[in-house]
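Two complexes are shown next, each including chain A; its partner changes from chain B in the first to chain C in the second.
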Partner chain A sequence: MSEQTLAPAGALRVNPTWIVGVLVALAALYELPDLLQDYWLRTFNSVVALAICSLSASLLFAQLGMVSLAQYGLLGVGGWFALRISHGLGVPFEIALLAGGVAAAIVGLIVGLPALRMRGLYLAIITLMMAGAIQVLISAFGFPDGGAGILGKSDTTRQMMARPFVADSDSAYFRYSLVVLALCYALVQAHIRSRPGRAWAMIRRGEVCAIACGVDIVAYKVWAFTLAGFLAGIAGGLLAGGVGQLDGSAFPASQSIMVFALTIVGGAYSWFGPIAAGLLLRAFPALLNDFHVDGNIATMVFGAGLLHALITAPQGVAGQIAGAGASLRKLVGGGKAAA
Partner chain B sequence: MPDFAPFFVSGLATAATYVLAAVGIVVLYRASGVVNFAQGAVGALAAFVSWAIVQHGGPDVVGWIAGILVAVALSLFYGRVLAPRLAYGDPVMRAVATLSFALILLGFIDYIWGEAPRKLRLPTDTSGFEWLGVRITYTRAVAFGIAATATVAIMTFLARSRLGLQMRALANNRDLSAMLGVRVLRADAYAWVISGVLAGVSGILLADLQRLSGIALTFAVIPAIAAAVIGRFASLPATVAGGLVIGVCEALLTPVPLIGPFRTAVPFLFAVIALLWMQRRATYVYR
Partner chain C sequence: MIEINDVTVMFGGVRGLNALTARLPEPVTGLVGPNGAGKTTLINVLSGFVLPTAGAVKIDGQDLKGVKPHRRAAFGIRRTFQNEQVVENLTAAENIAAVIDNVPTDGPRGKLIDKALDFVGLCARARVLGRDLNAFDRRMVEIARATVGKPRLVMMDEPGAGLAEDESDHLRLVIKAIHDHCGAQVLLVDHDVDLISATCTATLVLDFGSRIAYGPTAEVLADPKVRAAYLGVVEEAA
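For the complex of A and B:
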């Protein structure tokens, strides 16, 4: 645990580097989509969704030290419900997105219930089993694509999910996704900087101490799992909107493991970690593809990266970037990863 | 009412490979405290190596032995070179590290051989005998025989031999055993060798019984882990029973309409129920 101190409560302190960071981010938000080619734009849409998914895994790992290997499965759950509601009711994208988030939050809650009594290894194993069970369900049911019935599977034409009316083109959708990503970060930060964050800090220092201090550890652990499920569900809806439809065979348990692995490689304790994980998960294989390198090389690199991260660099890529010096630290906007 | 006998028989053989892998996982966990998620990947590499040797005209026996030796070498390499660097991390991180080893092996297998549909053929596939009105190939009988022999041999080894005693001592308390003169690393290394042999054998058998695919064989570790969970990573008889029940249930559900497509969820179901049952009382960790 890097952050042994409690997060400061109350008003945000305005830091000059923050303002610079926000301005750079806004400029990038405006310029970046126009600079990218179609293929890369679609890739970056997936990167943003995967970054949110990785954020949910890092929330559980960094705040409570819990290893959840089910977050990509929960992304699938969120995507399923978002697609179903979007096709079935024709509601605006935002409502479908939120519905996917809520559905995944409920499933996350169910995954989290055993977590109350389990810790460490058994928790990791039970979440892996849940990821496997979700995989079986998804590959048996498939994703809704505008058909009739509860499952919403059509045999003939596969409809695309309706995008938000303000963001129909790929580049507008990318800007939209970035805003959703920022909102997700804000949601997590709001938790970390207020009562739940302090309770989580207490729990990770010692459950018995937390109980002695009157922290309801059951409620706060369940809340963390629900929040992580919600984020994963949002990621699923966002991915479904970006691609238009989801493929039932694309949710193996190995992907869930990969999400967790790259969250560690990216750096679970830093705000930049999940973005690094998203880039590694989607942009790195696409880059290899551009250079006609076999995608399995990426799997090997990820495995080696995780091993390296576990043995030598528990702060991950983000930690190494943060440790590279003050000048670099300014560039990434005053990253919080304490080296 | 579909005829369950053929599914029962084929389920027993698949279950035998789960049992082999699960026994390897439990023995290793007891001696070294590592839950080895790479058991399946190591077995997969063993199967691919023996397939490649037979494919290039090598004799079958050489292929199998080479496959098992590769599995042992990999397992020992991980156990002696990589695992000690994490020995003082918590058990979750040690388990996650084996996941990363599994990813490396999986990437390597798919890079070299790809995911083409293929099967490893054993010479015992072609002949067989009749039992319960079902023809059983010798491969299935051999798989079952090896699982039974290996389990009994390992149980006897742990209970009777000096090294087995040392492994059990390590399982109880690592620091105390080291103080009493148990050569920790040596006992550890033997545990990794045993788990490597079991992974290799089960990988080769499973590649014959089902299919030779990197992903499928790597993730065959999940039923094995589920069986080990049923045995609480400690009891070999419970692990064997768990492996058998999971394998047989999975096969028996195949012909059942409606539930058939969901039969691969059987290991998850058993593991989740076992975990919930084991942890039915809340406990708090004092740190």
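For the complex of A and C:
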């Protein structure tokens, strides 16, 4: 029996080096926006929003083993409602953000209904068709930008979404986004470590097993899709606040496939996976642009990355980083022991 | 007390159970028969996974017809599976907690988990993930899951398959102790006649979905009809 398996799987172990590490990381994250140029700051604002979107896809995949190809579409739904509420009612940013989350949660619930009867490829196709439907609606009606009427489309100047008053500048907004990201992770962790997480794990093991253990699989599946929809909606509101407005042509269904694929590449089973996915989705193409390379080449790299993940690295980038860290520790530890 | 009244199950044109009627009052009842006799089908009817085409089943006098499959665990019907179904990414203790989440209990969660793990002898491995447990420990986690809370009926589908001799001995002790531990009746399906003889006070024998014998285990297993159908012993014409 190795030490690792004896460690409490759910409980928090307080380790001094860990605390120091967390504090250093927090300080670095706090200082980061001051070191970045505007271009990179805006990029990182999008990275955080996309990380939350990827978190919602990884929640469904890692916890329930279900594939949803609609999460980027749901991000669009959340963004639409957040913009609509913000421009229409002039409410604080937090209210608009939550409204976007709730709206996307409701749509997410509808997306999840087929999951009650389907799994695997069929579920993936159905959710992709939902993403397609959202794409059609968004490209037909566009995003609200301060105009009148239900759709809120303006003919003249496009208004920017009001940011939270504590975070009006790009750097403050980045820090604000990080807090939202942390809250989203906390929400997911609170679920995984309690009753819903256990029920989801049972369902993933086998629906027959779950039913025999008394799990109401309908309720817990619906809840997972609703929660995932909520997270995607929050991501949408956050993205809208960061950019100021959303582009109706930027929500093709293929983006939802990209989010799912990069969630797998990033590592759906690890906490770092969604962040890696967010970086790949937004920071990597930006980096290529910075080097005057066409950012679209990123798609080819992602394809290769997905193949690599599927064939050799089922834990994704996050798993590989963890593996590299472990080997490094062994090397350093081994060196110390020898010295 | 399990009451099976005239239960028929049709799978297309195949009769899984054929007008089966039985009253099983003993604390530990064996269920034996050749492959395809309807043993697992009967367990699935009691679990609610298979709806009987005709007839009714009652537990402690209550008809199960209106009890949804996922409510049966809370009602008190539990089972283990032929292919064990321990959740790999939960610890042994969490596997049990996942059941406690859904069934009526009588006491604090932590104590119930400890008691269930202690019953099957897994206290030391409470925090080991399901994927790191060996085959025998997984069986024990399944039994702990089935006996936690207030079960009325614990059904086991071939719990003895693939176990080493000392493991099999431990399994026997555990099965014999279930009734005293939690008050549940046990229904045991297994091909291992020694396990059935050692643990079951009464045994029901099925063949082609029908009952061919029921009574005290020793008597039933000595019945020539049972030996011919199940044990494959053909009485030599002397």
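Here is the rule we use: the second predicted complex is superposed on the first by the 307 of 339 C-alpha atoms of A that agree within 3 Å, B and C clash if a C-alpha of one lies under 4 Å from a C-alpha of the other, contacts with A are read in each partner's own complex, and residues count from 1 in each chain.
Keep in mind that, in the parts below, a contact is a pair of C-beta atoms (placed from the backbone, for glycine too) under 8 Å apart; a residue touches a chain by one contact, two chains touch by 3 or more.
All values reported here derive from a predicted model rather than from experimental measurement.
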Worksheet item: Looking at the overlay, what does A:Ala133 touch: chain B (first), chain C (second), both, or neither?
Response: first
Practice prompt. Please indicate which partner A:Cys213 is in contact with in the superposed arrangement: first for chain B, second for chain C, both, or neither.
Written response: second
Worksheet item: Once the shared chain is lined up, is A:Asp294 touching chain B (first), chain C (second), both, or neither of them?
Response: first
Practice prompt. Could you look at A:Pro92 and tell me whether it touches chain B, chain C, both or neither (first, second, both, neither)?
Written response: neither
Worksheet item: Can A:Leu306 be said to touch chain B (first), chain C (second), both, or neither?
Response: first
Worksheet item: Does the superposition put A:Arg198 against chain B (first), chain C (second), both, or neither?
Response: second
Discussion item. Comparing chain B against chain C, which has contacts with more of the residues in chain A?
Written reply: B
Worksheet item: What residues on chain A does chain C touch that chain B touches too?
Response: 206, 208, 211
Item to complete: Over in the complex, which chain A residues touch chain C? Could you list them?
Response: 1, 5-10, 195, 198-199, 201-202, 204-206, 208-217
Practice prompt. Can you check the complex and tell me which residues of chain B touch chain A?
Written response: 35, 82, 85-86, 89-93, 95-97, 99-108, 110-111, 215, 218-219, 222, 225-226, 229, 261-262, 264-265, 267-269, 271-272, 275-276, 278-287
Worksheet entry | Parts of chain A lying in touch with chain B, wherever the complex brings them together | 67, 114, 116-126, 128-130, 132-133, 136-137, 140, 206-208, 211, 252-254, 257-258, 260-261, 264, 294, 296-307, 310-311
Worksheet, complete the sentence: The residues of chain C that touch chain A in their complex are 47-49, 69-74, 78-79, 81, 85-91, 94, 97-99, 101-103, 127-129, 132, 145
